[in-house]
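Here it is, the structure in full.
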Amino acid sequence: MKIAASIIGAGGYTGLELIKLLINHPIFELVSIYGTEYHEELSTLYPSFKKILSMPVLQTNIQSIVQSSKAVFLALPHQKAMEYIKILSKYEIKIIDLSADYRLSLNQYEAFYTRHLDAENLNNAIYGLPEYNRSLIAKSNLIANPGCYPTASLLAILPFIPYLDNTQTLYIDAKSGVSGAGKKLVHASHFVNINENLFAYSPITHRHSPEIDEQITKITKTSIKILFVPHLIPLTRGMLVSIYARLKEIINPLEILQQHYKEENFIRICDHCVKIKNVVGTHFCDIYAKNDGKDLFITASIDNLLRGASSQAVANANLMCGLEETLGLPKIAYVP
Amino acid sequence: MKIAASIIGAGGYTGLELIKLLINHPIFELVSIYGTEYHEELSTLYPSFKKILSMPVLQTNIQSIVQSSKAVFLALPHQKAMEYIKILSKYEIKIIDLSADYRLSLNQYEAFYTRHLDAENLNNAIYGLPEYNRSLIAKSNLIANPGCYPTASLLAILPFIPYLDNTQTLYIDAKSGVSGAGKKLVHASHFVNINENLFAYSPITHRHSPEIDEQITKITKTSIKILFVPHLIPLTRGMLVSIYARLKEIINPLEILQQHYKEENFIRICDHCVKIKNVVGTHFCDIYAKNDGKDLFITASIDNLLRGASSQAVANANLMCGLEETLGLPKIAYVP
Amino acid sequence: MKIAASIIGAGGYTGLELIKLLINHPIFELVSIYGTEYHEELSTLYPSFKKILSMPVLQTNIQSIVQSSKAVFLALPHQKAMEYIKILSKYEIKIIDLSADYRLSLNQYEAFYTRHLDAENLNNAIYGLPEYNRSLIAKSNLIANPGCYPTASLLAILPFIPYLDNTQTLYIDAKSGVSGAGKKLVHASHFVNINENLFAYSPITHRHSPEIDEQITKITKTSIKILFVPHLIPLTRGMLVSIYARLKEIINPLEILQQHYKEENFIRICDHCVKIKNVVGTHFCDIYAKNDGKDLFITASIDNLLRGASSQAVANANLMCGLEETLGLPKIAYVP
Amino acid sequence: MKIAASIIGAGGYTGLELIKLLINHPIFELVSIYGTEYHEELSTLYPSFKKILSMPVLQTNIQSIVQSSKAVFLALPHQKAMEYIKILSKYEIKIIDLSADYRLSLNQYEAFYTRHLDAENLNNAIYGLPEYNRSLIAKSNLIANPGCYPTASLLAILPFIPYLDNTQTLYIDAKSGVSGAGKKLVHASHFVNINENLFAYSPITHRHSPEIDEQITKITKTSIKILFVPHLIPLTRGMLVSIYARLKEIINPLEILQQHYKEENFIRICDHCVKIKNVVGTHFCDIYAKNDGKDLFITASIDNLLRGASSQAVANANLMCGLEETLGLPKIAYVP
């Protein structure tokens, strides 16, 4: 049995990773790729696909998509995604949106992004963090695939929410490789500017901050103030979050993590500080935590383009289509 | 007028930077370089000195040092430094120790390093952070040159101590380039292991934690709990600290920094997040801060080998010898 | 059907890649891993295997190997490999040696490496470059898996041998990522020494030079003087060779390449200069060539750890065991 | 005594390096900086100049330049430079042009670049390679500052021209850091595209090829066919050339280099392969050579932005103004 799937948005890093994942997927069959520009061959856009996959990149066409596919992945910039989803959602097709368009409440979305064009679907979209929303995802037709920073942060924080002193702020110091900044040519990603460099950006005001905030509340029914500061790191792939919080009482953080995630295949609790290299190329999230009295330090790592985007999208699509969640998820890291 | 100076410990990165700084210094004259191994020519050890400086690396000899030099810089591993300083301190010579041997109280030193061999001098040594200990440094014969993480952290934190809620913990998320891990061949600094990688290490228990802690108390007469987590970053030089703390009341952090450091030549208050590239190659410390209500975020950058070691040592030597503090300190960054 | 396979030498980069390849192989089943040190779990040696593969790293034991396995890969330093192969070769087992021990004639081996301990097998070993020795490999029990530089160089040069003026020298300017220098802690691979650096090493005298030389003669029955200069590049994986030679007459080099490799699945002829990124993570060799009158420039890229070592070993094992050559060979590049 | 100097073109890497060099120069005084855009303060364009140099970036104005300055450096794109120089050359001012506009013969310029607008001055401009054109430079008012690849290549090749078999081609395999590709936002310099990557570009047809070719003929009165292939390397600064040529007879290449450059302060003959790190930050060119019978291998390294551009421009300005050539040239490498 094969399930036909399409991708809209081939030009960015997450679109590229989706193509790679679907080529290797045992059930999904990539039937078409759409982009904003037409290319006769995928390999003119990405020479690495030469002799692997011969397929055109088509101009996006809703009718062909819904006729040919049971599932569609949108790897588009925000705003562009909802324009398509508003229409796609009228059809029988599983939609996985990798943009930010369905991740936030209407208020927060309009405060941090732009005017929302599809409020109705916004209310029904499910936040695609499988470890926490598995059964909702399985019943949904529209998944808001989580952002990379929120994925790493939430997986690290959520097990500890019952133990945190929520009168105090939780601080997230996040570090992302440059692929997280996208393919667009901007000064921050010019090699000469970021190589041998390092800096924080958008401290406090980054758009992933309300996403983390809202999901903590939604998933745990508890709220805590978070302060989120991302940093850009001179490496291509990978993300690390270092989190600082205050406990209500002294706990054994590794035991709590072990217990909380004991059934999970793609969360690994480490007995030492996690390293980006062990997860790059995979769907894993590695987590380590340590307390100093009532102060808690948590550190977690993911591949920003896979667990932080495209492999999480595939996990969501698996669940939506009644497949085993872990089908086709990459496990073997690129190390060394 | 020239002042004769020597260096003990040519083989490490801070020794190398000291040589480079003293070559360019208008008053200090580098009269001899000592190491654990004899080399006929400095340029056999460092080919980049060919046609620049012809000088042997001598086996360390206390008598020659005290006879030839008015000031001596020790760029040695801890323990080794105090063995020499115990003897050197009996002579009329200005001593700048770049190791950790005289930075901590006896108790903390023995808890975090090893048994101390020179408790007497430990009590008299001055912590060489010029912005805070200028007049003490000027009168001292023995300077404990600060560690790299403490330098960046203290310069960022100290202006805010009066405004912090010290019932809450101050969190320091520090990031260092690989030169900070030293020249020794260890797995963490093998190119394949750290390139495209990133991780925290020694969380909470790093030896620079008590140094920051004790100096906050000593300099401000106020104590606050700190939690310090360093990270290793895939770049050669430079250090960034990101600090999270709780304010007693809402303040304007940039105004406080501007006011606090308005007389300082080598502290720059930035109106945006600081970047490592702007300080690498220089003695500058760049600082930016921003609050979110009562939560304070501070980020500061230094060159770990210069302001975090060798140029700070030169600033201290300048003060000890009655020279202008800023003589010979590097100002022009290596960018791009 | 499954074929049991073992690996001797788990600690180096090529051993690690072999483990990754065999985990994903449809026919070979990795039954045991041997090393010089015992580890209860592979994941203590390589944390990235946690939750993927639970298997001990055993002390090498010839009896267990030959009893449990139909094929054995040796990822050992030269000299160590032949000590085992001398014994292993007495048994019915397919041997793929990733070391240099069986790549050269006795004379050249003893001139460039050390005294040979197994001259008899040396004569019978087949050089495992599948594109040129396919049928010999299929009948062999002992494969000398080619070096990384020779693989890239030979695949690029061999199609042109009939057209070259062999009274003139062929120059190979090769560039390798740091994983090519091995896992051992040496100065050249300390991050601080190779990051932001670049240099030639062992010009003219590198051990891969006679390997290229002998194979050109052996495969084409033609000899040409080669001059080989490798360079170390600040990146983890990947290899590029740039080759300069003199033609007897003007040709169309791309047409010759297309024609020569038209049946090959893992050679891609490009119409522009090849890039390392398009082959890293794969078994592909990408080649481009261009002439300027009678001067020929060829440039080829491979993943030094895969096509230059471990995936080529798997291709050889496939052939030796009567499987399709391309089974389990990695196709999808790590880009971006 | 001070000599007033101006820079036109502050926005690129070579303009930035010129500013840094002139700040430290003992005789030249940087009186004004011009660009295509006006900036109230240099430090808004380059934050690293904060607290170092307070100076506006002015809109270019020929009248102010010639009235205020005795020397002017043009760090502009080709074509733009000659538009200004056509006018500037009518005044009493020393002109150092870092663009390609005056480096080639009219024919070659128009074949490789664009139509030339200032043929008259083109004939009179002197190629600013001090080691070979010292006395001509001293008498000139207009210097064509050499390109980076030609600088490294010519300094390496010229000593050997009398010994080369010029019936055979000389091959130059050149490698440049990414700053050589300029500050413009293009795909090749996006961090994700060049990090962990490496490739040749513009093989045979690069614009620096005719420059090397013409200067060999002009300086040595001998011609030899060259084939030039540049490569882009994932590092910020530095350039390495590896050159392959055929000798008429066997020579001792190191002795020839030593003899040829024995009076030169900024050429270092090395007894091992040169490394980029030893020259980055300096005006040095390091050279090593080795023969294999009649085959010659030469490797040379420079800082592409200094010896390959801005410090060579300062050396030329020194000579033109009757100063010692070496004044203000950087000697101390950035290592580690």
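By written order: A, B, C and D. Residues from 1 in each chain.
Note that in this section a contact is a pair of C-beta atoms (placed from the backbone, for glycine too) under 8 Å apart; a residue touches a chain by one contact, two chains touch by 3 or more.
If you're wondering where the values come from, they're calculated on a predicted model, not measured in any experiment.
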Pair of chains joined by more contacts [C-beta pairs], C-D or B-D: C-D
Repeated interface matching A-B, over half of the contact pairs identical, chosen among A-D, A-C or C-D: C-D
Distance from chain C to chain B - Cα centre to Cα centre, in angstrom: 46
Chain B and chain D: spacing of chain centres that average the CA atoms, whole Å: 37
Chain C and chain D, separation of their C-alpha mean positions in angstrom: 40
Chain A residues counted as touching two or more neighbouring chains: 13, 179, 183, 192, 195-196, 234-237, 275, 277, 336
Residues on chain B engaged by chain C in the complex (per definition of touch): 13, 178-179, 183, 185-187, 189-192, 194-196, 234-236
Chain D to chain C touching residues, read off their complex: 168-169, 171, 173, 175, 177, 192-193, 195-201, 203-204, 225, 227, 229, 231, 233-238, 240, 242, 244, 246, 273-277, 280, 290, 292, 295, 297, 299, 301, 336
Touch list for chain D against partner chain B, complex: 13, 16, 20, 23-24, 46-48, 50-52, 179, 183, 196, 236-237, 265-266, 268, 270, 275, 277-279, 281-282, 284, 305, 331-336
